[in-house]
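Below, each structure is written out as structure tokens.
What follows is a pair of complexes built around chain A, which joins chain B in one and chain C in the other.
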Partner chain A sequence: MGKEVKLMKGNEAIAHAAILYGVDGYFGYPITPQSEVLETLEALMPWETTGMVVLQAESEVAAINMVYGGAATGKAVMTSSSSPGVSLKQEGISYIAACELPALIVNVMRGGPGLGTIHPSQADYFQAVKGGGHGDYHLIVLSPKSVQEMADFVGLGFDLAFKYRTPAMILADGVVGQMMEKVVLPEQRKRRTDAEIAEQCPWAATGNKRGRKPNVVTSLEMDSPKMELNNIRFQETYRRIAENEVRYEEYMTEDADYLMVAFGSVARICQKAIEDARAQGIKVGLLRPITLWPFPTKPLEALSKRVKGVLVVELNAGQMIEDVKLAMGNQIPIKHFGRMGGIVPNPSEVLEALKRDFID
Partner chain B sequence: MKPENQVAARPRLLNERNMHYCPGCSHGVVHRLVAEVIDEMGLADDTIGVAPVGCAVFAYNYIDVDWIEAAPGRAPAVATATKRLNPSRLVFTYQGDGDLSAIGTAETIHAANRGENITIIFINNGIYGMTGGQMAPTTLEGMKTSTTPYGRRPDLNGFPMKISNILAMLEGTCYVTRQAVHTPASVRKTKAAIRKAFENSMAGKGTSVVEVVSTCSSGWKMTPVAANKWMEENMIPYYPLGDLKNE
Partner chain C sequence: MKEEIVIAGFGGQGVLSMGKILAYAALMEDLEVTWMPSYGPEQRGGTANVTVIVSDDEISSPILDKFDTAVILNQQSLDKFLPAIKPGGTLIYDPYGIHHKPERDDITIIPVNAMEATFEIGNAKTYNMLLLGALLKARPIVSVDAVMRGLKKTLPSRHHHLLEVNEKAIHRGMDLVAGK
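For the complex of A and B:
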């Protein structure tokens, strides 16, 4: 028998995937366009089945600090929010990174700045890939383009977060959170036992101190030479992540004269634009970063020697284009096409932008 | 000394590190009581403390249990998840008045309102000690601090906040008490209160709050003896000792 195919929203897929992965705790707060994550979890009542804790916090600030408290005890914990709420979470995210704790944060982006709009955006790219809160740190940032990837990246995000002891983020745009698509959900995994957590996370403040010294989870180090050594260790972790965990997808790049670079739902709009371009005899390809951090610098560098021009398409004023330019240098023209404030372009607009910049 | 002649000793869980607290500070006494009660209840290997930001940020250096150091004011949120995900453990926060009743007011009230099975140890000395003696929500009217150099004025700075009274009103709290550690008798009462609070947490009765009206001789710019006297004459009349709620 084949796998069961379901139809659901991206936000709902996150909730289902969290339970199936064996997540220990979810702490959230309502904000459009991601509220279905919390709503779905509350409706599914996983505390009755897997024992997963689900809690609606009093604020985004409280929710991320609950994630911090759970992660500090070695549990697999997560939160989700949308742009204004993720700004509030930055304090806690910085502490989680500083304490070298695994955790998963989901940002279903809406248009900003400020309260902005509830419609889709990618304007939190800088915030996500540059750290976001205070201090020198990075998140592993995964960018899903489909409901299937929303489900898949929950497990991938936790696997990477625990492998490197660092927080991971799913940076989805509102389109991916709200749209309904087919999805095949993963198999149910068991939550880890306390004994497994003690073995896999010897650093965790589990409260079960038998036979070991006290475990203290703290980001405070008043001795600056030691604090610098902590930072050097963080940077070494980021270097290992950058070396091993770059993920990306190429589409029709083999013979491409021009390249589009886009992430999330925009990559799919570009795919359609590319098909239309090829029907008109213009050879265009696409590189879609799946990890926005670490960024696929090397494949872009290689493509910079083969294509005549690059169009970076984003739902913002031009953010990822900075990383594309750092990767591809200044030998070929690199242009940007973006829509802002909750507006999503259609494929013909994208194709027009490409022709305007490179063909006409 | 013969063992039978020894009437007092360092609690087993209070390690040998020299405390950074100023002479006369109440933190050292409360740390000792927390360490004693945890050990006496047989919870030395089953406890997670959540440290605040403030002078007690280094509580984890002195009491040998597992600790999580929270961001300013967030300790009750941290403890909420810690306890829910590890329900068999004793989980307590140890917070000062700036941490608990200013930056962490929302986290404190909502953790208590949910009736999280945690204990909140609340040191109220009416001042921000660690950052150098600034006004706290609990600073008394007329009290001079580095940010109220001419004394706290209600028309400018609002009124001293009795946050334990607010917490006692919430359905989620089972035990809210205000104690002190300035006399041997008050130390014994505070120890009994901490024990009761920890027992409530382990029995799943809801949130327990033990406020300890405390001195900050450095912040108040007084000798320890004068600080104790000032506290008795000024702090305790405004923050009267005793149980606010005991269910």
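For the complex of A and C:
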């Protein structure tokens, strides 16, 4: 593929990037607004080139459990869905986290709750960063703002998932999934051989070998003291991730009097609002968390000492704002502007909200 | 250069594909581009619109509320997007099926009788290419050559015999504006 610039939808970029990364298996079930992931994979027929398995399962529950099984053998496996479908996957995600397995889950969010609408939303923030399934676990949650990042985060997600043996999620929204933009895809990587997997993943169920202790992959531990030790190990992993893997982007914060905090496509809507605000003499900047978990607490804490007010903009009723408040304390006003149920605000609405809260 | 465009009409009129063809042409000319559809169950009959931004520089928001140029193909879309055109901007619309003519004196208004032209040509499928021609005549954002290169690259070769019809339709669309 080289450095050729292509034009495609975010969902299509996910599919291309998965093949190029050398993913072993994709298991999914169609749902708007992410169906192009499965459609593109089916059209590209990677089973004939890289040998990647692409399977439309009978349900989301089946798909996540296929991911669970594939991940237990050390293969690079993934699934994608949209909000209602991701709710169905939560039990499987909790099991994958409990078994310390690497896997990639993509959620191209739509408006909820329930079946909701097919239009863009960010109302699954809590579900993605605070658990979603049962038990004390975290996902590494990556939030792409562009088609390029949709492609890039497939590789990044798998790299992090394998590095820490924990599932990662790309939490996208319908805007990023459905829009077309320029993208440069990565080079084709070879899928790992069975021998490489056995060497790199000594924990994986790769088939019984003489002289090797059997690898048992299970989330069940009836002995509570042992289960607590498992949990302590998980928490140690999460601590290392929080220490090393925080990613974020700042835009025009150097001289900012006010700060917007937004993720995904909304961060770009805010960028436009900031361009317009600055044209009117209002100094606004933006912090965009790229990892929603781990959350960029420290840079926000630092900014809380420099700005006069903060506007958190989300496609929900106010979810990430809780983490922003935890990071920034109560010394400055922190307001929220959100649209819900599939409605996406335009840059003027965002700017009006900022003026209403802080300027007028 | 930065051009913020909305194309809006009924589903089935080729609104989304027209935007896509424009986006591919921008890619051919090494410009930055975003294509954001109002996706959903908008098949034949419902309203459909797409925002296309073409720029020399990186593009921030793919979602907009003010546009430099609007290409409008039905009354509902005209009502919705007429107030969203920036002062000094351009409105291109097909008067076919428009009951309330657009009235604004701070923008350039270009009626293009594209539907009528398809009756003369006898090929309704060229409709959106006529309008693309009209758009490129009024706002030469990309060259016709770039449009054709983009089409050639994205159309499967079994459809390449249709390139000529499409190129003719673009030029016919340009003439529809030139005649005003």
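One rule holds for everything that comes next: the second predicted complex is superposed on the first by the 355 of 360 C-alpha atoms of A that agree within 3 Å, B and C clash if a C-alpha of one lies under 4 Å from a C-alpha of the other, contacts with A are read in each partner's own complex, and residues count from 1 in each chain.
By our rule, a contact is a pair of C-beta atoms (placed from the backbone, for glycine too) under 8 Å apart; a residue touches a chain by one contact, two chains touch by 3 or more.
Just so you know, these numbers come straight off a predicted model, no measurement behind them.
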item: Joint occupancy of chain A by chain B and chain C, clash or fit; value: fit
item: Following superposition on chain A: angle at chain A, chain B versus chain C, Cα, nearest 10°; value: 120
item: Partner chain(s) touched by A:K75 [first = chain B, second = chain C, both, neither]; value: first
item: First (chain B), second (chain C), both or neither touched by A:N208; value: first
item: Winner by number of chain A residues touched, once chain B and chain C are compared; value: B
item: First, second, both or neither for A:E91, with chain B first and chain C second; value: first
item: Partner chain in contact with A:I118 - chain B first, chain C second, else both or neither; value: second
item: First (chain B), second (chain C), both or neither touched by A:V344; value: second
item: First, second, both or neither for A:I359, with chain B first and chain C second; value: neither
item: Touched partner set for A:V216, first chain B, second chain C, both or neither; value: first
item: After fitting on chain A: smallest Cα gap, chain B-chain C, Å; value: 29
item: Where chain A meets both chain C and chain B, residue numbers; value: none
item: Complex contacts: residues of chain A adjacent to chain C; value: 5-7, 32-33, 118-119, 174-175, 178-182, 265, 268-269, 271-273, 275, 344-349
item: Chain A partner contacts - residues on chain B that touch it in the complex; value: 44-48, 50-51, 57, 60, 64-71, 74, 77-82, 84-86, 89-91, 106-107, 110
item: Touching residues (chain side chain C, partner chain A) in the complex; value: 20, 23-24, 27, 32-37, 39-41, 60-66
item: Touching residues (chain side chain A, partner chain B) in the complex; value: 24-25, 27, 53, 55, 57-59, 61-63, 65-70, 72-73, 75, 77, 91-92, 95, 205-210, 213-220
